[in-house]
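In what follows, chain A forms one complex with chain B and a second complex with chain C.
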Partner chain A sequence: MQFFSGSSVVDVSLSPTAPPGTATGHAGNNANVLYIFNRNGVCLLYREWHRLLRTLDASQDQKLMFGLLFSLRSFTAKMDPVSADKGNLGVPLLPGQGCSFYSFRTNTYKLSFMESPSGIKLILITHPKTGDHRESLKHIYNLYVEYVVKNPLYVTGTPIKYASAHVCNVYFLYLLSELFTTNLDQYVKTLI
Partner chain B sequence: MAAIYSLFIINKSGGLIFYKDYGSAGRMDTNDSLRLASLWHSMHAISQQLSPTTGCSGIELLQADTFDLHCFQSLTGTKFFVVCEPGTLHMEALLKVIYELYTDYVLKNPFYEMEMPIRCELFDLNLSQAIQKDRVALLGR
Partner chain C sequence: MAPLAPKTGDAVFASIDHVNAELFTLTYGAMVRQLLTDLEEVEEVNKQLDQMYVGYNIGVRLIDEFLAKSNVSRCVDFKETADVIAKVGFKMFLGVTASVTNWDAEGTSFSLVLEDNPLVDFVELPDTFQGLHYCNILSGVIRGALEMVCNVSMKTEVTWVRDMLHGDDAYELRVKLLKQIPEEYPYKDDE
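Let's look at the complex of A and B:
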């Protein structure tokens, strides 16, 4: 997997487009949500473009999502029919260790998942008929690297938004979240 | 090449009632298969809770690097799931066929106790036939 394409900061011309037939241009009854977690389970970003039902409050929802992914990774690593020797269930897995799932689909949504080697987990929820979003998630990860990680004022492991701080710092952090979210929105709109 | 690796049937409480492995390197012992079945049952339920829209009935397809998992849940809550090679087609149809076999040879068996592990010869026999027929149709051998 190529994570660092070596392109310049604002080069988004190579963004993978949505698989044909799935970008409908309007969300309709379908949801579009993005979560980004780090390896400790902190939700770095939660962004929703369209969501009809919220059963739990935001922090519970994020914890549940992280827990589900953790268990699903254990499950797929153990269920792997190709490798003979697998670890025990419940042992925390390193990123990239064992077989990992990349998407699951229910009748109302499709969840696409990607884990970077550093443990950053990206989750994209879209409508169920979407195709494979692995390339899209890689692109979103590159956006994250370019606009968030490379920003010197961003403290790793904290949610991506501006926090109250020095006046000067607040301005730069505001720029950070603005740039990232603007580019992210632009890109995801092409996928919906 | 499309092949089925294994089949699981889970009762409505999440207990494993049937597990058959069709030749995968990842063959599991009983304890592991029981644990995985319960884990799947819980995750199926959590995925319903996390749904951003109403009317979600749980995971139908899970795609991983080396396998796909198709799941069918009956109206009574019994779950049938099959682990197969990535990209295998017609698994939903196969699951419906297996469900029909389950209703015919297991539920209609007067000696079968509900929610208990399945020990019905006719079910095993017909299941192997259905899987074989499926394999012949897909692979031509």
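Let's look at the complex of A and C:
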């Protein structure tokens, strides 16, 4: 457990150490887009660093992404030639049931996916030559826990934004959302 | 392949930051005392600690931290869930291990026995507050956490059977699985 002390900018050391990123590649961020969804399909965070083409408006885009992953998980579990626990096609899969798919790659991007047993889904879109991002996604999940879940003013299940509250509370929430996005940006810069 | 779930929480416990145990105990004590002063009714305080606000909300957030720090994968059944709570969960957050006993016939309820409980160091219950379940926050936390985790989402009922502050020899929590909520597709078909 960690207790924050003081009210000015707090330097929090994260318990998990980041997996070594060799920080080569283009200057600036190597990731393009990040989505975080919760169990009910609410998009908790949408962050983009390099996105050249936008085809849909934001909420449609997020619904499409969530629906895609839902179906992809069902499909990959059903096509699994190895394990027996497949579930039925019409019924939504539980997180952890069936085999879990990690990523798919096209000629222009690679999409990496991670789902926690509590239903938090993380999607990271990067350039296609990148390696396996499971450890990175795990680290981002840890960042989410440290900065968002532990924030007492954050209402679980709502998008990570600023909330309206009294003056000093707003300042506090603003600071921690800032901390989350700053740390996230810094970490993403080191991804290969 | 998913990494093997840790059988004990020792490794995780060693790797996360610790807070001073006395600070933790005293903070909890101060909070219960303040609740008693504000609410005055022992039953109300019990409810606050468990259901309404404190315990349940902590549980809902704690589950994410637990999953992030320890590499447990999905528990196959309720028995495994019980073991993971007792060995890994309690160890990770309180530094003590609980033992799982008294499974009932259908395997839907079990008891968690705690030999020592850091929340109650230095605590004595005066006679006027004999109905108080001092550690009710633990029942709220377990309930909240289990509702968010997915084997299926479980609605549970957690009650105290034995309580050292009332003169018993150990702490015993009874966890009963009420129902399992199957996963639902979040969007309606017509949207």
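Heads up, the rule we're going with is that the second predicted complex is superposed on the first by the 159 of 192 C-alpha atoms of A that agree within 3 Å, B and C clash if a C-alpha of one lies under 4 Å from a C-alpha of the other, contacts with A are read in each partner's own complex, and residues count from 1 in each chain.
By definition in this document, a residue touches a chain if its C-beta (ideal position, glycine included) is under 8 Å from a C-beta of that chain, and two chains touch if they have at least 3 such contacts.
Keep in mind it's a predicted model, so treat the numbers as computed, not measured.
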| item | value |
| --- | --- |
| Between chain B and chain C, more extensive residue contact with chain A | B |
| Partner chain in contact with A:39 - chain B first, chain C second, else both or neither | second |
| Partner chain in contact with A:182 - chain B first, chain C second, else both or neither | neither |
| Touched partner set for A:83, first chain B, second chain C, both or neither | first |
| Partner chain(s) touched by A:59 [first = chain B, second = chain C, both, neither] | neither |
| Which of chain B and chain C A:156 touches, first, second, both or neither | second |
| Touching partner for A:190 - first (chain B), second (chain C), both, neither | neither |
| On chain A, positions contacted by chain B and by chain C | 67 |
| Chain A-touching residues of chain B, taken from the complex the two chains share | 5-6, 24-26, 28, 32, 35-36, 39-40, 42-43, 46-67, 69, 83 |
| Complex contacts: residues of chain C adjacent to chain A | 15-19, 23-24, 60-61, 63-65, 67-69, 72-74, 93, 148-152, 182-187, 191 |
| Touching residues on chain A, where the partner in the complex is chain B | 29-31, 33, 48, 51-56, 61, 64-65, 67-68, 71-72, 74-76, 78-84, 86, 89, 99-109, 111, 125 |
| Sites on chain A touched by chain C in the complex | 1-3, 13, 15-16, 39-41, 63, 66-67, 70, 91-97, 116-120, 138, 141-142, 144-145, 149-150, 156 |
